[in-house]
């Protein structure tokens, strides 16, 4: 038994990654590729690694056509686009996983402050972080796939915030990302001569993943949490390493802290709690989020490091994981590849 | 129906890559990890990306033990090691795929000139390049998996040499490789401060893959061929781009030349002949060899570019492909992943 | 008028960088290269970029010989080596700039806790951060050149700590460094296949630059300060980007904060306070430390980013700057090169 | 005694590199920065590494203004621009060094075939490769600074071609370049996610540096030479490694070949003939061209490797070298920096 799946946003990197993953998913029948750019071309003309694997032609994002062929749709579109398509897709009884920010926010005003005016604010998506919301995802029609930085930051902080073990006023998240997170459009900030041997902090106090992180941390804590988030751009293509610096309310040695994480994530298939701090190349190419901790010798500060592949667990892999949950497939179906290391 | 498979040489990079591929192979039951280093440790302690995926403990390479559990053995050992183990493994009716150079040479004297004294020179392996020797591989007990540079170089030149279309006295192969080909042992030549923003030509006229390339080109041509091979080390982790510069006996426009390649590789599952020159990131992470050609406007020189992932089609992926052929599995089983791009 | 200068520790990277800088210093006469490794070889055999520029032969580190030829000596030796040589060099009336940690600590017990037993604990060096200790350096016989991370961290925090503008209990320093900081000896942590497409947090709570940073912050504050320092290793060769996350006692908009930095560093020749956050490639190859700030919209958290070339302002360039001050040369002599960008 | 110098083309990378070099040239008074983009902005706003070093404002490229302030002008403009400005500059008795291709070709038809229609074809520049044309450069009013690939290729081949030691019909030049050669405009081919872990052969038989190389090789040989040139793009920022594969007419061991190079370049200040093959990081940041050779054991093929920094010896450094020669300065003035290694 297979399901008919379409991807809207065929030219972007999360689109490409969806194709890579879905092409090897034994229960998926890839029926359509849609977008506003490159219509008429084959997916494999835009993403040459997919030659002979995904040779579908890219079509205009016409919801009527999509509804005729697809049972599940991934919208891997720029922010502000899915909000125009999703209402009509849902009316066709289609399950939608949106990879943009359009349906991630409980409070549409926050979305509108950081992104654009919302055109379907009445619709609510389930926040697609399976480790926190698996039950809701199971019955969702519309899943809002989390941002890449929030995925890493939330998984690294959830146990401590949920269990109220840390000072909530001094949470620092210092994240490091590869350049693929910037998307497929060339700009000066991804121009190799300037980025290839460089490191940059950007939007150091204003990144729009901050409110997304704070929304979810606040729900975990049951009170308003304001974490401080600063991303950095590195000369690697894939991968996020998110370093959370936190102050423990009660000092704790590393083994005790680690046990809290092990307990919290017991049974989780894509979270690996590790004895030592994980590195980006433990996960790049896979859907894993690896987490490790260190504490000061006197136990008052802890450093929590989480690593993900920004295009897999940080985007398209997690989207497929959400699809698997929504359709009752095995959660790891199509996602069992391990990282390329070296 | 599954087959019991063991890997000898568990600590190296081709070993790691075998584990990555075999862990997702639906017909493989991974029963043992062997080696001389790190015995007693888990595979995933040495290769942390495999945590939860391959947690076998590494054992001493004791052939008796191996024969008790395995039906197929991959020897992913340094040159000179397999020659000590393979005779005994074969006596146990085990099928062996050797990833080292030990059994690649028809003439043991050439092997001994470039490597070490051979300890089982009477044994002959089938040269494991499926696109040239599929039929022999099918019935082989011992397959000698090709070197990474020879794989790319031979696939790029085979049609022209076989069909005698080029001047055999002026074949230049200028290859570029990532650093993972140098193996897991840190040395100055892979020390990041020296290699991270550098390019180096090395063993420019003396690399030991030269006689391997020439052996196979000579068989294709039916006459002694001497190609000139010069490798370069680049600051990428994976990937080989092999540029062959050749002089056509009869000048030919690009479409005609391309058609010869398409014809030669028709039906091949892991060779993609492309309209434009391929890039390394079309194949890294996959078992593909992508090939493209350009010709001078007057058609007398041609440039043939072949790209592979040195650890997949250039080593462990090709080894699994050989296993699939030897066991009558589908040739693409366990090897259907496409490249990570971006 | 020139001064006779010798370098002890000729094979390492800070030694190489001293040679690069001193060879172009108009007032320096390079008279000797010393070390324990590679004696008898030319400096340019070990550092081939210096061929034709520094062809001195490396000699044993014999203090008597050194005293006969040199007026100034740079000890660019591993930690624990300078402490054996410096007393004897000073007895010869030589001025010494030590690039190791041997003389950086006011309290030898802290040194011994993080490094090794001290063999000349009675000797005290002046901490060679010119922006804080210029006057003392001027009359010093022995300068202890700061560590690379402390240089960036201290310059980024000095104004705020000195002026008591921040909460001293929640100072986070999240630093990112290139691999040249790890030195010339190949290890797994600098092996290109593992580091070339990777990011790693290391010694996240235990790095030995932490006590050095805290010693100096405490002196600036006039009270014991404990900052939290976590370094990360990136796949670039040179450069440190140090991100300080601090909480302002009184909230402040960015322009006001920036003005404090401009005032503090007014007249400094190697600190550039910038309107926007600096990037590593603004300074790599130069002796500059560039600093920028951002604040939260409500002004309570600030992010201070400082960038240096770890081998220049973070080591050999700062050492030459110290020499210039000690000898009454222009402080920028031999150090006027700007960064390579792109 | 200083000379007043202006740069036209202030926003590009060769412009930036000219500023970096000229700012430290003791005989240069930098009087103007001109261009079509970013007029009104400071040079250091566009090239932030130059803050406090070159803070000139960029002005419109008005030849009258330029003639009023400058005695020497560097035109670091895109191909096709200098040809509009140079005639008027020369009329003002200004010496011009043009870094574009506009005046490199003896035969304007070849220029027009590969570039654009020429607007001042009557003007001829001296080809600015000092090692071949020093005497002519000395008295030139207009120097055509060579292309980056031709600089490396010609220096690597000149001795062999001049002395007629090789088969002129089978010269292969396989070059590898960093991305800064592509210039300051972001495009897909320099987009980090696609180039950061990739290698690409491009314009494999049609690159416009081919006719430039052939023009000069032909003059050296005294007969028409057609070399075959194929460039590759690597994930490094700076540096070219040019590998020439040639067939010796009379076989020769390496020492004999090396001696020919040593003899040919004796006394040259920026060409270092090396015992072993040079690597890119021997020269990046410097004006050196390092050359090494290897031969087959039977001596019939030779591999000649030349490395340069494409922005220094391959562009702006060589332009300054030419200026030094034209003005009778020491040829190394302002160019004595050695490479950053590591």
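Letters A, B, C and D name the chains as they come in the text, with residue numbers starting at 1 for each one.
The working rule: a contact is a pair of C-beta atoms (placed from the backbone, for glycine too) under 8 Å apart; a residue touches a chain by one contact, two chains touch by 3 or more.
Keep in mind that what you see is a predicted model, and the values were worked out from it rather than measured.
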Partner chains that chain B and chain C have in common: A, D
Farthest chain relative to chain D (centres taken as mean CA coordinates): A
Which of A-B and B-D has more C-beta pairs touching across its chains: B-D
Centroid distance [mean C-alpha coordinates] between chain B and chain A, Å: 35
Whole-Å gap separating chain B and chain D, where each centre is the average of the chain's CA atoms: 39
Contacts with two or more other chains, residues of chain C listed in rising order: 13, 179-180, 193, 197, 235-238, 279, 281, 284, 341-342
Parts of chain A lying in touch with chain D, wherever the complex brings them together: 13, 178-180, 182, 184, 186-188, 190-193, 195-197, 235-237
Contacting residues of chain D [partner chain B, same complex]: 170, 172, 174, 176, 193-194, 197-202, 204-206, 228, 230, 232, 234-239, 241, 243, 245, 247, 277, 279-281, 284, 294-297, 301, 303, 305, 307, 341-342
Sites on chain A touched by chain B in the complex: 13, 16, 20, 23-24, 47-53, 180, 184, 197, 237-238, 272, 274, 278-279, 281-286, 290, 311, 336-342
